[in-house]
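Just below sit the structures, each encoded as structure tokens.
In the two assemblies presented below, chain A is common to both, partnered first by chain B and then by chain C.
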Partner chain A sequence: MVAWIGSRTVPLSAAIEQVAKLLATSRCPVFSLDSDIHGCRSLIALAERVGATYDHVNGRDLVHEVALHTDIGGFFATATEVRRRADLIVVGGDLPTAHHDLLLSLAASKPDLSGGGRRRWFQINGKAASAGGGRPLRLPKAVEVGSPDYPVDAVLGILRASLAARKASAALANADAFLSAMAKARFPVFVCSHLTDVPSLAMLQGMLADINKTQRATALFLPADDDAWGMVLASTWMTGFPPRTGFSTGSPVYDPWLCDVDRMIAQKEADLHLWVSERDEAPPARRGGPPTIALVRGERPVAGAAATIRIGKAGLDHDGVVYASRIGTLRSVAATTPSDLPSVRTIVSHLQHALTGKDMPC
Partner chain B sequence: MLIRLAGGEVVDPVNGLAGRRDVWIKDGVIVDKPVSKRADKTYDVSGCFVMAGAIDIHSHIGGGNVNTARLLLPEQHAAHLRRPLNTPLSNAGWSTFNTGCLYAKMGFTTVVEPAMSPSSALHTHMELADIPIIDKATLAILGNDDFLLSMIRDNASPAMIDDYVAWTVSSSRALGVKVINAGAAAAFKENVRRFSFDDVVPSYGVSSRTIVETLQASVGRLGVPHPLHVHANNLGIAGNATTAAETIRAADGRPLHLAHLQFYGYGTEGKRGFSSEAARLAELVNGNADVTIDVGQVMFGQTVTISSDVTRQYSGMRTANPKKSILIDGDGNGGGIVPYRYRPDYYGSLQWAVGLELFLLINDPWRVFFTTDHPNGAPFTAYPDLFELLMRRDARDAKMAELDQSALELTTLASISREYSLDEIAVMTRAAPAKLLGLDDRGHLGPGAIADIAVYRKGQDVRKMFADAALVFKNGDLVVEDGVVTHYRWGKTLRLNPPPDKGIVRRMQAYHEDRYGLSLDWFTFQETAISRENPFAEVACRS
Partner chain C sequence: MTPLTFTLRNEPEERLDLSGLTPDRLAGMTPAEIAKLRVGTSRRPVAAGDIFKITGTDASNIVFSGGSGRFDRVGTEMTAGRIRVAGDVGARAGRRMAGGLLKIEGKAGVQAGSSMKNGRIEIDGDAGEGVGGPMAGEIHGMSGGLVIVRGKAGDRAGERMRRGIIALLKGCGDHAGLGMIAGTIVATGRVGRYPGHLMKRGSLLFDLKPAELSPTFVDCGRVEIAFPALFDRYLMEEGILDRPLLGPRPFRFGGDNAVLGKGEIMFARG
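And then the complex of A and B:
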């Protein structure tokens, strides 16, 4: 059983036909995506075909991470290089839970390049960050630097000024220790994620620019969701743009406000919502929203959805390609428990055929 | 399917069959005129030049650094126009799809991405697989990676070095090997800001020269057709012609390719201490038959520089325009993305002239290659303008009149009357690249070559002629008509496949597990990961 129209079980072909009809007649479809690179590629190609606007299921987090790259830029390193070279790691704010293993594995290893040796740890301590999703990670060896009275960006600002003046500020705990560690470090790395809000990221990159005038320092960026970051990469090479991007005019338009899928639904611009989640997150329940098409892994139809189609997950049900923060690039993953559940790409290819009778470009 | 291109003027210097003749295509391959067979389809190409599809040996078209540049600069490539039917995403401003279309409509059918980090080969190949129509290839970057530097430091045997180079080429599916500012990226991580040919990488005690010579020798022993592709030290710095000259001399009678030589053509003369040494370098290239170069011509306007030369990109961050950039310390080389606007001021004018001097003063079109180092000197879409500058002295003179005269006075450009002939263009952009890359099946129009063919309408306007090909065939498929891409096909990524030694695979497994805490399969991939039918085609190593 893989497909439903409403709550009625139907053959897959009937659901495909129904979904294709909804897509073909929609004036302003919106897509919320969560899939591997191949799934995202096929969905973006479909979005072009039907003039849809797309974003990741976790688009609200992603928009800040994209802004870090489009608006700020700066110094970055791969986790692999950090593991081998960083002799000082500074963790700023909370980190996405998904990366705690990566941090713990860094904590358990020693740098072997550049003469090797010891790795020292600091953790920036500030007023709790605004965004959710992260959990404080206690690194037993880390020295806390900062103050519970200031937000993280203010702490970073004080540290930046202190580094420039080579003089510690009395306002922060352990500022002396931090300064002297920075002076000795050959390859200090600041670990950051969007949970370290945008002003902090800007302040951090400003500090790195200062430090790099005379010494080396860089940042390890860890996206809140590796799959979402993979989608950013695929979207960027396919359309030239990260999400939020839409095809309502025929060509891709990147506009984080205009193409905000949640906003488009709330303001009733969207008249059809395609929801794709390999992780089986259900679409948020909305009263009076547009009809929803759900591609999910669960065994039941999504309540209230016009149609539901079951899909498998890359790396579990079928092979796939995903972004992996551990190596800072794409990685091929083999199915751990191969199943007959169709991949997102397979379903989208059926949809493309139903819509155009042609193969899709992805 | 038998296709006949009738009545065109064929420009095919390899086969020496210039002049009016028909070209016949059967099942994607060029054939002799068949005896007593009628064509299934005939195209009247009278009034046109018929050439082999062009080959670009050095253009940054895909991979992590290119994509980061797109991400950094969404404001620079707003999409335009509703797309034509049948070519999805072809109108997206700076996308893989758009890249394939723009190349095809100029008659280019094979393009080499010259800077693939082996550790992110999968990403590069995923992007290349989404570039329609044309064939692609990559060069794998070595020379700042710990494994190689450690081997050189520890006096590893040539056989060990070869095993590692072969494994890298094979597992990353590359067509050749490139070294970028050898040793400098590793040194930069240890805060070394200037790095010349005889400087030594800290912690390894290995000089840039030794790295280049080691890789050059290994590439030769392995029979990799393309000579080591060298991005030399000190790119962009006044006085760096000395570095280029040292590197050329180090070739020592063995094949070596020097990338984007324009960026090394600088002396220290003049009020600003920035002058042209192009004439001296051209003479040196002319006298070293084993050295090939590509130019990396600068053209004016907005672009973005994308380079794995982090040392250079860090110093370029000061002049970023707009003021934002990204610098990545990655495995081996990493990369830097710095947007830049070439202005017709003193510096821009000088760089522009240096490139043209190199093109015009290097005598042998088999050894000077047509590149803008896309997008570093200019986007590849500037090619039609560049063809015109090479083929028309009056076009050069007209442009020179708009530029900074004090800069031009420090060059020989005004005194050069040479104009490239169409035959020379065909050598430089077709025959020579095929030879340099070891691609015997293309670059010419002889029987047995794949039917990669560009047909250009004759006219006085060189720019227009090369901007919009009248017809383009890729493997015999008609893909462009009157400068418009009419349909997609999926080209292949050309690669070498030297069989990896079992010992080196075991060593790489142990190395990755020990140093990264990850099994080797995190860093390698199967062809099926690419998700297109037969995404790769193998090119043979020379025995």
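And then the complex of A and C:
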């Protein structure tokens, strides 16, 4: 049982035909995506075919991480380089729980290319510094720098002013130890995720730019969601832009506000919503929203959806390719419990065929 | 000659890109030609004639009779003339505007006056976030001109602006003047968190001390300099305020010391 129209079980071919019809007649379709690289590539190709706008299902978080790269830019390194070269690691704010193992493995290693095999740790903390999600990571070796009175972005600002020998109107605990360690370090690395907002990331990268005038320093950026970051990479190499991008004019247009799928649905601009999630996430229930097509793993049809098709998950039901921030690039994942559930790419291939009479080029 | 008037027939179903309906671009065109211009942004875009009843002949004086939050990019890149919108507008009104007057009698969406270079924008209602700011991927925001918001403005007003004046008469959201390079932002009423965050130069002028000031701004005390009186006079002559904002001895904070530290925040009352 893999497909439903409404709550009625149908053969997959009938569901494909229905979904293709909805996509072909839609004036302003929007896609919310969450899949592996193959799935994202096929869905972006489908978006181009039907003139849709797409975003990740967690686009609200992803947009800040993308803005760090599109609006600010910065210095970045891979975890491998950090492991071998960093003689000083500064953790900026809380990090997502998914990356705690990476930090702990870094803490257990020694740099063999720098610093005489020694590595110092600092952790920047501030008021309510829990933007990364999950429980806070406490590294036993780390010296905590910060203030309970100021949030992380303000703490970063004070540190940046101190590094440039400019005044600030507040003092931080262990700031002198931090400045002393920075002066001695040969390759300091700041580890960051989506701290709180774009201004915080801008402050951190600005501090790195200041430091790089006299010595080397870089950042290890850890995305909050590796799968979402994989989609960013796939989107960028296919269209030249990260998500939020739309094809309503035929060419890709990147616009984080205009192509915000949640906003488009809330403001009744979208007239069809394709929701794809390889995790067990169902589309959020919306009263009066557009018709929804759901590609999900669940065993039941999504309540209120015009059509639901079951899909498998890469690395579980079928092989796939995902982004891994631990190595800073893509990696293949083999199916751990292979099943007959179709992949996203397979479903999209059927849809492309139903829409054009041709198979997908990729 | 009568103003070229676009009367809204019905609320549009899709967002409209009105960047083509400016005095510069419509000069010399007949109403029939204008009616064929594409303004829709969906897969089956509408034309201007589908949305508006078009009357009048003077393209240097354009009136939108009836507005909508889906009117995007009104007055984009206009260099001269006048546009008046009797209602709301959507995103990026006056984007990269280089001259003329854009008068909005309702609310404006995000990034009004985005990267504008010159001219004047007056918004009678509230404005969304990013007044005068850059679009994604751009380095600089507003580089000249005047934006007056008579309602409340959203977050990040004047982000990375290089020159020009923004006046926000019912307060603004967080991070006003974020990453500001130069220019002036005036705000009366409540100002959100950390105004002037990452600002290098420029002036933020308020009637009250901001509730949350970044610790990388340092108190310079009360100052007796000529600038506040001069600027107060300018604000009143332009009809932006009807009484002095700063007075003769305003409080001054210098910053943002996290960056260059040559900017200032001044306010009349602590």
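Basically, the second predicted complex is superposed on the first by the 347 of 362 C-alpha atoms of A that agree within 3 Å, B and C clash if a C-alpha of one lies under 4 Å from a C-alpha of the other, contacts with A are read in each partner's own complex, and residues count from 1 in each chain.
The criterion applied here is as follows: contacts are C-beta pairs under 8 Å (C-beta built on N, C-alpha and C of every residue); 3 or more make two chains touch, one makes a residue touch a chain.
Quick caveat: nothing in here was measured; it's all calculated off a predicted structure.
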| Combined model on chain A where chain B meets chain C, clash or fit | fit
| request: Tell me which of chain B and chain C touches more residues of chain A. | output: B
| task | May I ask you to decide whether A:R120 touches chain B, chain C, both, or neither, giving the answer as first, second, both or neither? | result | neither
| Now for A:H56: first (chain B), second (chain C), both, or neither, which partner does it touch? | neither
| field | Which superposed partner A:H64 touches (first chain B, second chain C, both, neither) | value | neither
| said: So in the superposed three-chain picture, is A:V232 touching just chain B, just chain C, both, or none of them (first/second/both/neither)? | reply: first
| request: Applying the touch criterion given at the start, work out whether A:H273 contacts chain B, chain C, both or neither, answering first, second, both or neither. | output: neither
| query | Just chain B (first), just chain C (second), both, or neither: which does A:S26 touch? | reply | second
| task | In the overlay, answer first, second, both or neither for which of chain B and chain C A:E48 touches. | result | first
| task | Examine A:A202 and indicate which partner it touches, taking first as chain B and second as chain C; both and neither are also allowed. | result | second
| request: Using the superposition on chain A described above, determine whether A:H99 touches chain B (first), chain C (second), both, or neither. | output: neither
| remark: For apex chain A with the CA centres of chain B and chain C, the angle to the nearest 10 degrees sits at 90
| message | Please give the nearest C-alpha separation between chain B and chain C in the three-chain superposition, to the whole Å. | response | 6
| note | Dual-contact residues of chain A, meaning touching chain B and chain C, are 70-71, 249, 254
| said: Please output the residues of chain C touching chain A within their complex, sorted ascending. | reply: 13-15, 41-45, 69-70, 72, 91, 110-111, 134-138, 175, 178-179, 194, 197-198, 214-219, 256-259, 261
| In their shared complex, at which residues does chain B touch chain A? | 62, 64, 66-68, 70-74, 77-83, 88-89, 91-98, 119-120, 122-123, 126-127, 130, 132, 146, 188-191, 202-203, 314, 324-331, 334, 337, 488, 515-518, 521-523, 525-526, 528-529, 531
| field | chain C-touching residues of chain A, taken from the complex the two chains share | value | 26-28, 50-51, 67, 70-71, 150, 153-154, 156-158, 160-161, 164, 166-170, 199, 202-203, 206-207, 248-249, 254-258, 267, 269
| message | Per the contact definition, I'd like the list of chain A residues that touch chain B in the complex. | response | 37-38, 41, 45, 48-49, 66, 69-78, 80-81, 83-85, 105, 109, 112-115, 186-187, 212, 215-216, 218, 232-234, 236-242, 249-254, 319, 321, 324, 326-332, 345, 360-362
